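Before we start, here is the structure in question, set down as structure tokens.
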């Protein structure tokens, strides 16, 4: 397929949109915490941009996307060597865009994934350790799983698991890592009565930027400006709206008041759940997926609140549960009229192919297990190294991380 | 001189300030406080909006004015008149405290005493 | 005309941009109200996304854009049936994009239009009633008018009224509905001395996002990445700047101080006024339209302030008057060198076709009358239904809608 | 080269992105000042949009880009005459986009450049004088320098100086003008102990919008959706991340605390430095450029702080020094494999063409000298005119410019 | 009646308010202040984050409650107990001031004196 | 002990705090208030910026410090010296109020009286 300027134009725009999601996340998370930790929370996301971009150009992309073996890439794309203007075969398909477009687009996914995790340990994780965690986690957790799913060579790709735009690689992965992180770093001090978000407009701003940027995430994953991209755009939008509505209504019945933070959270849950499905399901499937996302993630938060796990901003409930629901729902609602694949590939339960669920389940389980174990191991090691450690001191936590770690206050006169 | 400190509902501040002006009490200052009295608080969401918490402290406004001894009663009356939500008064309408002030000084002129307030 | 990836890429980007306008509006309106109502005001816009998207996919698009008759579509596109990858004839022209692209792009317009109205009744409208109002208004007011103007079958399209990107359908429509709503819901309590906007940076942020997104709105309406799109982009930008400058200068002479909120309002007025004209006028016409928008909308607000109508955020003055001025100005400044239509279509007064004004006037009057009457009727019915009603209680209003309806405060420690 | 819809789609999107940078700058600067000046600071940028757009359409574009002579254009494009749908030869190359696309894209650069300068005189410059300054500066400083560098006819273009997206025209130019402005307007009152930024989240929001928009700035400068655009996108991103990381780490060693404002400033420094180089260097060159930007701009601020010059928001340290470093680094790291030019054009020191440095130095020196002298002269004249003058009164400054000049407060209840 | 004014660390406010409730002192109000005592301030960045400045004024919370004369000592004790960071107390833990109040009035009912607080 | 409460222009706070330090008065706290005195207010825009309203309440800063009786006069002088906009003083420069304080307690140590302030 020759390189097409229209496809390239869309992937350029989509890459910019996906990059913009990370600051969106920074505001989404930053608004949810207490004012004394707003900058430290924003900095987790902002520095993910700084650190991951450098590491991705140097070695990350090569590990994830160079041919390598079934489990991990090799070093042939180190320093973006061979990432040039020629078309590149991605997962068995040659997209009408230069290899460089694909590498840039993928970079944006590698940034936001670890940034998602930070919601679990916000308000207490050490900044210095975090920077090292970023590098290790991208290298040892993100790059391999991305290789499994998206590289033509990857073993999950091989078994026919469907993941259009990153439900496993990005969301289940981040959601599960969040559990490991929240567990190891421990509960925040003094949050028995919950935390009242310090700036809800920022939460909505963040969610809105995420919604906007997610069109790049999902519709950009078509790597072309074609009907598949349009369908991904449409179903993304549909599932998101449905989930926002569902969450708002459920919270209304449950707490007597429809929460704005809830509506925003529902939107994010919908965005998460539709991600793996967006290239394979139609608008009615999207309604179902969005409805499930709003419902399951809402109750996910409910359950988490009753545990001792202080996953501060509910990363697992939204990205973990939303991601798992999305992965399974892809196996249910994928229809060949949308996916355009050769059956049985791209065919789900409602199109008469229940075996697809099996591939989806394996993908979920593999991501879940690998991410949990390796994230746990990385954090344990970091905790052990003298001078590092995961958690700030009690005094720093009470004062707030902004002043104590960054020497700044979010707001002044 | 006395300091009169009225803690009232934020939405009644404008009315109280206007009422004070009518009785000749021009100098005053207002602070935002959160307070607790017999009034029940409000329930607000925490986290992702699935949990709620009871907040017992409500936003209130504190109006402080230093007045000559002779004016205390009429100022109190003016405040009560303007601060009540309705004719009979409701829980949460607020409190007034009176305390002694020994001296007042106007910075610009150095004047002291009742002349300065 | 075959489907073109470049055109599709632009419509994808434009659709994302237009979606982003609604959060922009949320911040524009949210900054203008008092802090105790910031979330409820933002939620009006945010929930418009949630509710309208679902309703549009299910039946809205079909009502507005399926062939039907001259007044309303039929049910042939219910659930986005037949909205697929094939090109679709829109208003007599086949655009080089898939039908799905058009349906998505149009969806974004259907979201923002009712969200615009909310400025009229902010700080006092009941949230539950609002959600129902959204559905009814989109179905009974927006869909028909969109059909009249943009469907090849529509009667306003038939008489040759020019409305490139939605001056009648979106702005006059919303502006007039705002009058009905402000009237029926009544004045806010305690705003005799006006309301000081609680967060002017948010107002500017919102206006800036609107400006940014409006490029999608107007230049996307070319449904192609061609010279017409570029011209729409150029004149949109030009009129907006001119109107912002005009409003700032007029407010400077009138109030002795150039207001930042005024400059932002002027920009929005310019965006509104150029909308119907953006496919038909050149840059000098845009200067004239922008100048008129700044002037007329400024004085529109002036007049409204002297009435008893509490159109809280001046939706009529900006969208109603701005929209009417834009519709008429299109009839004046449309030139065939830009519109590329076959004369007398696309020719305005300055190009020697005064009759165009007649079509424009009819379009304005029809939209005005229909929107006023049907919006009024819908609200009357909602007011009448037990358990609904339009307005919150006095206590809820005094406390602020954020705490009393949503159980949240915009800002905390 | 025929007009291509894909290229046009990307330039449309890029133009929208670059326009969005100016509000981004408004928030970046607005967050850095004290709360009493937030609106006046934001208004400098917002009104730059209003004023420059009008002036550019009327005469600015013609002066900068019509053929004219080696130093300045002529009046042939006045009022955007001849700016139409035909392709246009830009700097000896015919880009596959309509002339109108180029003129719009260039407009966005003309807006942000004077807005950048405002950081130097924020918190004390008279608003009325500023509006006049905008017009004069665009006409007498920006338009000529743009002509020198980007017009096929321009003398700096003639000597082979490389400036892909505006390092000289935009950044050195603005940075140097900032020195003249800060000097003439004098120090702020009462800032001996420095100013604590009043809203750091706004600083990060602004920096993030700048980053997002800068993809349009640099990758859009390819005027096509091709590999050159992708490379510009990639190196922009890489240099930005590297500079953000470098600044954060340097500030950490130097002040014991990694500052969030510092990370954001580093990102901006990286964006500045990569701008001239983005069409000519590869990702490893970008790492070097970003590293230098973080380091040099950091120490540039350090040095400025020790002088008496109150360049309030460090425009020279970031845009001046960052721009000069970028211009020289382009002469070092330009490689023909990226630039695709015919050697020795587009070849830098590391590719064996040290003479390139000479062209770069001349471009830097010419921009530096011209901007300094003419900006100084313009401000001197404005200071001299009765009723104008550069600075607000002491009382206005103490009260804050928002209330005293604009009759508004940024924040209210 | 006396007004008891306690200036404490913001993170201890909740504990103090709870402690006051336990000793029967329900009515109170809280303001955010910045203050200076013997406690050293914090160093914060200015400008672009390359300079720092020492801020001597730290954010504190002021809790004010008007109580009957008889309750003064137990209220002071409750505050001290809840406001200290640790058993031995640390610099920056705060101050308590006691001052006379002549009258208290409940706005809603017009009640005066100890009955109104 | 006396409480000295000075309401001054926000831009003079730093100068007043420095002046207080010079006369040995280290402990103090500052609150943001809005106030009304003889000073005319400011005109601000409402709504879309076409209307204006006169705001009579201006932002001021209140500095409170509790001092030993002996120090009252020198503290007042220090404040007046630092709070005035210019040598002759201008409307809006502020007010100082002096009121009695019965007791001061340092939370960390439990010390009382002049030793605690």
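As written, the chains take the letters A, B, C, D, E and F, and residue 1 is the first residue of each chain.
Basically, contacts are C-beta pairs under 8 Å (C-beta built on N, C-alpha and C of every residue); 3 or more make two chains touch, one makes a residue touch a chain.
The structure presented is a predicted model; accordingly, all values stated were derived computationally and were not measured.
Enquirer: Using the contact definition stated above, find the chains touching both chain C and chain D.
Expert: A, F
Enquirer: Report the inter-centroid distance (CA atoms only) between chain B and chain C in whole Å.
Expert: Each chain reduced to its C-alpha mean, chain B and chain C end up 44 Å apart.
Enquirer: Starting from the mean Cα coordinates of chain C and chain E, work out the distance between those two points in Å.
Expert: Here the centre of chain E sits 51 Å away from the centre of chain C.
Enquirer: Calculate how many whole Å lie between the centre of chain B and the centre of chain F, each centre taken as the average of the chain's C-alpha atoms.
Expert: 19
Enquirer: Could you give the separation in Å between the centres of chain A and chain D, each centre being the mean of its C-alpha atoms?
Expert: Inter-chain centre distance comes to 34 Å.
Enquirer: Can you list the chain E residues in contact with two or more other chains?
Expert: Expected reply: 31, 43-45, 49, 52, 99-100.
Enquirer: In chain C, which residues are in touch with two or more of the other chains?
Expert: Each of 4-7, 9-10, 13, 196-197, 199, 225, 255, 257, 259-261, 263, 406-409, 413 in chain C touches at least two other chains.
Enquirer: What chain pairs are in touch here?
Expert: Contacting pairs: A-B, A-C, A-D, A-E, B-C, B-E, B-F, C-D, C-F, D-E, D-F, E-F.
Enquirer: Going by the contact rule set out above, which residues of chain E touch chain F in the complex?
Expert: Listed in rising order, the residues are 2, 6-8, 31-38, 56-57, 60, 62, 76, 79-80, 83-84, 89-100.
Enquirer: Hey, which residues of chain D end up touching chain A in the complex?
Expert: Per the touch definition, chain D meets chain A at residues 4-7, 9-10, 13, 17, 34-36, 96, 196-201, 204-205, 208-209, 211-212, 215-216, 219, 224-227, 229-231, 233-234, 237-238, 240-242, 244-245, 248, 255-261, 263-264, 266-267, 282-284, 287.
Enquirer: Quick one: in the complex, what on chain F touches chain E?
Expert: Contact set of chain F toward chain E: 1, 3, 17, 26-31, 66, 99-110, 116-117.
Enquirer: So in the complex, which bits of chain D are touching chain C?
Expert: 3-10, 12-13, 15-16, 19-20, 23, 26-27, 30, 38-39, 42-43, 46-47, 49-54, 57, 79-80, 84-85, 98, 100-101, 103-104, 107, 127, 199, 202, 225, 402, 405-413
Enquirer: For chain F, which residues are in contact with chain C within the complex?
Expert: Answer in residue numbers: 43-53, 55.
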